[in-house]
Amino acid sequence: MGVVQGDQMVLNIGPQHPSTHGVLRLKVVTDGEIVSDITPIIGYLHRCFEKHCENSTYEQVIPYTDRCDYIASMNNNFGYVVAMEELMEIKVPERVEYIRVIMAELNRIASHLLALGTYGLDVGAFTPFLYMFRDRERILDIFELTCGARLLYNYMWIGGVSHDLPVGFVETVYNFLDYFEPKVQEYNDILTYNKIFVERTADVGVLLPEVAISFGVSGPNLRGSGVKWDIRKDEPYSIYERFDFDVPVGQGLVGTTGDCWDRFYVRVLEIIESTKVLRQALKDIPATGDVHQALPKKIRPPKGSIYRRTESPRGDLGYYIISDGSPQPYRVKMRSPAFTALSVLNEISRGWMLSDVIAVLGSLDIVLGEIDR
Amino acid sequence: MFKYLATIWETVTTLLTGMGVTWRHMLAIRRDNVTLQYPEERWPRPERNIGFDHDKYNVIRSRLHVDIDDCIGCLKCERVCPVNCIKIDTVKVLNRGADIPNIRHKGITSFGTKKALVVTRFDIDMTECCYCNLCVYPCPEECIYMTGGPNAEKHDIDYEFSEYDRNDLIYRFAKKVSDEDVANATTEPQEVAD
Amino acid sequence: MTDNQEMLIQEAVEKALQGDMEAVNNIEDRVTRSKAKAALVKAKREAAKTSAEPSSEEKSEESAAESKPVPLSLNQKIAGIIASQFPGTVDEESSSETHIQLQPAKWFDIAQYLRDDPACLFDSLQCVTGVDLGEESELEVRYNLHSMTHRHAIEIRIECARNNPKVPSVETVWHIGDWFERETYDMFGIEFEGHRDLRRILLPDDWEGWPLRKDYEVQETYHGIVVPKVKEGWE
Amino acid sequence: MTVDQLIDWFPISTTWPGLTFLLAVLICAVPVFLFIAVYALVVIYGELKISSFMQDKVGPMGQGVGLHAWRWGLLQPVADALKLILKEDIIPASADKKLFILAPFIVFIGAFIAFSALPFSQTLIIADMNIGVFYILAVSSLGVIGLIMAGWSSNNKWSLYGAMRSAAQIISYEIPAALSIIVVIMLTSTMSMQGIIQYQSGFIWGFLPNWLIFNNPFMFVAFFIFFISGVAECNRTPFDIPEAESELVAGAFTEYSGMRYAFFFLSEYANMFVVAGVAVTAFLGGWQSPIPGIFNSPAWGLWWFMSKTMFLIFVMIWFRWTFPRLRVDQLMSICWKGFTPIALMNIFCVGIWYLILG
């Protein structure tokens, strides 16, 4: 593609740009339309998450984990809380486990809806974005019903959950699932199989499995390249091993495996899988059980360190927590999946056109809050 | 040649199905609409299409409110706040549980515990508050809470508390009493030692 | 602390251990009553501890002890392999079940070996964490490696001096090392030799100091902007 | 026609020929400009409402007086227009001032003068030239110059990208449009707009109105190509690459604001009307009524022309809110590998069909 060597032009897809999913600056060296090199410049949204953790107690860190990946903050809480409970060897009651899985899966659907919607916007289709936000609005209502907040919940605490489920919660989620499942087919009609969309995304930004693994890419981006790796299945935490759902993997139905379309379609399939998990969780959630029962009075984990990964909608969300016995964490490191996804952008969008760079960036589904921490 | 026609055929069919979807949505205007016409329709509107209603609320994230008469000054909410937006000053009381009328201090809280401290300053800076609700949980007297929701009988939901001046967002819940009143109310009267 | 209070607490705790709690409750002086309660709790905890696991006191309590009695955890097996391939790089005493302690010297070759050796095949570098072990002690870099084929994971820790911390860069072995190491450099100032362009990644390039070190003071102003946010009228 | 009638009607036509011509043209131009303004407001409101209904939104609403855009949001387009007029139109410091100021007007003129050949009804046409269709196609490519001037003069990388893309797109899509019009001219053997519509009167195959689209099966292909390349010419989705929000921020109009941006906006809608008008005239029988016998007085003629054009504009709006955007090279490949060869084949087939069936 870029064989003609015209005079290079450096283009700043600057921190203030409609399709950078946050405050990200891409220094793009283009030769006419064809892109020859991209250097992402990050750090505009750096809020010293790790420094804050060292100055606050263990339960005060939870509102900060919300604000890292603000689109999937339930899963962020879940990751941190699972790591802490493994460090402090706290056994959480059954009902709390089920509540957490329900909340995490609902949040996964909401996060994927946002990812698919904004990807439609990057490629130029306005309407799917609004359909998906209409359905995401329903999930946010459910969260609001339980923990009052719509985006940053601070719902999962170490050893329990902040509030028990309200009356009529299970029916409300059943209503939502019955309403939502036919809608996924509607998204497929309007966007997934749309020839122009396929034309824009098939064979674009192909990510080979070896490259993906070497760049530490994880989650839907890695599964889009055909690697079957999902922490809920391979390193099960909480009660995920009780649910049977399969891990969708990109097969290259439209172009080669690992292109933008595959990453998009893997997310659509994952939404369907999440509804399956939700139905099973809702079926056998124990009706009784106090959610505050296992909340430790004084959180003083034993000296030591732990690295625990969980499956956030964007990939492997890892927490490396080092405790020195005091109520304040000695060091908390958050391994952010979007950080690794962005590092692979340059690798896979070299030689493509400018509008493809936007398409590839959208398909990687990055969130800058999590990258900059 | 066949492939050429096949792509044309596929293009036309997929584009038409897409147009069919938007056509159906255009006809059913009100069916899936979630927008809330804010000034006229205020949240929470009970029958808002997923059908949960007002009094089933578990918790509300709106403005913080403190019943200062119930506050025993244990500083638990101040310690647990991640962004330390709560500042409390207290002064020891002479005898526990006694009312002190001239500084309007009630000795017994509604939970029946005797107060040992007069809360002279209880400020919450709502510009710093991150609405994480961590302060509501540890309060022994349940006197700090967010307005509306389960404690709707005390306050209805209030999420429209924007101000013109930032300092007005610093809520001072303590009773407005001058310092020397508090001083002589809580110190031993030197000459009379009854 | 008058001795009769001491004696009072002693016998109240004994009585409470046998089960009747009023002895503790009817101590009228509030201060001694709370001390008695504290003593009671401590006594109960000792009792529980000694009865529950009389045997292995010295086992490290932070990792859930593997139920199966196999002595070697994965980390130790890999440590053994490394020690056989590269003698003198693994220091045994500080390696535990959950991590392998290495010298920074031949880390690059070990990394190469770990990725290519069919037994290990650690092809994905999951996480690089920089740690400041204390005011005056060393800095440390912890690598979490994971193998997609064997689906097993280990943790490698490398210490480096505080004044000029140097660790060989593994950026060519795992490509993500490039950004992870730049972030660790940005936060701790650990030089990764052999890194393509070791610059700050999160902070602006001309920021002084390494923020996550324990002895870090925030610089007063950055280009004239006062850094520590002081909110007047609030303290 | 109206311009010639006006000239004869004037008493001083012999003494001051130049002045009368100018007066006549002016008398025709002002209503057309007003029509464009009003029509643009209507279509903006239509687009707002239709796009909202398509996206499960309610669109501009308003209860009661005051700033709420009156009932059903009717005042919303007026509010937009006022906003654009009152807003300060900034000229970037390093912009090439003269070109920057001139660009929007050239783009608008490109669309505006094409109106003079559009047959609104049997009698209502400004200038029924015998080369009507050819004139419109020639004039509508004037807009490209304006876009390139806008892109170049605002001295901004994004607008340069937008300008280059729009130049490539509009010029290359004029060829399939012209080729599909040749088919029409071949059948009606006249280029004057009124002539084409007169040819389409009466019945064909018994019950169908004698519109060219029903003339033979290939005419539908010609209509499809002309309409789609018309959509591409006025930069509407799925071909809105020059001002692609997600890539080029706003393409050639990035640096424009206020009154100048309003002119770009206006000329886009005027262009849409021209394309829809020509498509209606050439293929859907202009002011001919669908039931050829009745409803064909000049007043009804105006109604039929406007309703058909508005329907085609609705289809353009419908396209915009359903399809994603094409990439530049895909756009070019569709034009050169798709539309142009098919259009040529079409001419050939219609020729043979016409030869055999007479």
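By letter and in written order, the chains are A, B, C and D; residue numbering begins at 1 in each of them.
In this text, contacts are C-beta pairs under 8 Å (C-beta built on N, C-alpha and C of every residue); 3 or more make two chains touch, one makes a residue touch a chain.
Everything numeric here is computed off the predicted structure, so don't read it as measured data.
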**Q.** Most distant chain from chain B by Cα centroid
**A.** D
Q.
Per the definition at the top, count C-beta pairs in contact and tell me whether A-B or A-D has more.
A. A-B
Q) Taking each chain's centre as its mean C-alpha position, how far apart are chain A and chain C in Å? A) 26
Q. If you average the CA atoms of chain A and of chain D, how far apart do the two points sit, in angstrom?
A. 45
Q. Cα centroid separation between chain B and chain C, in whole Å?
A. 37
Q | For chain A, residues contacting two or more additional chains | A | 127, 131, 134, 190-191, 194, 196
Q. Considering chain B alone, which of its residues make contact with at least two other chains?
A. 15, 18, 21-22, 25, 32-34
Q: Spell out the part of chain B that touches chain D in their complex, as residue ranges.
A: 8, 15, 18-19, 21-23, 25-27, 29-35, 37, 40
Q. Mind pulling up the chain A residues that touch chain C in the complex?
A. 42-43, 46, 48, 50-51, 54, 86-87, 89, 210-211, 213-216, 227, 229, 234, 302-307, 309, 316, 318, 320, 322, 331, 333, 335, 339-340, 343, 347, 372-373
Q: Quick one: which bits of chain C touch chain A in the complex? Just the residue numbers, please.
A: 60-64, 98, 123-127, 129-132, 142, 144, 148, 151, 155, 174-176, 178-180, 183, 187, 200-204, 211-212
Q.
Considering only the defined contacts, which chain D positions touch chain B in the complex?
A. 50, 53-58, 61, 63, 318-319, 321-323, 338
Q | chain A partner contacts - residues on chain B that touch it in the complex | A | 7, 10-11, 14-15, 17-18, 20-22, 25, 32-34, 48-52, 56-61, 80-82, 130-134, 137, 146, 149
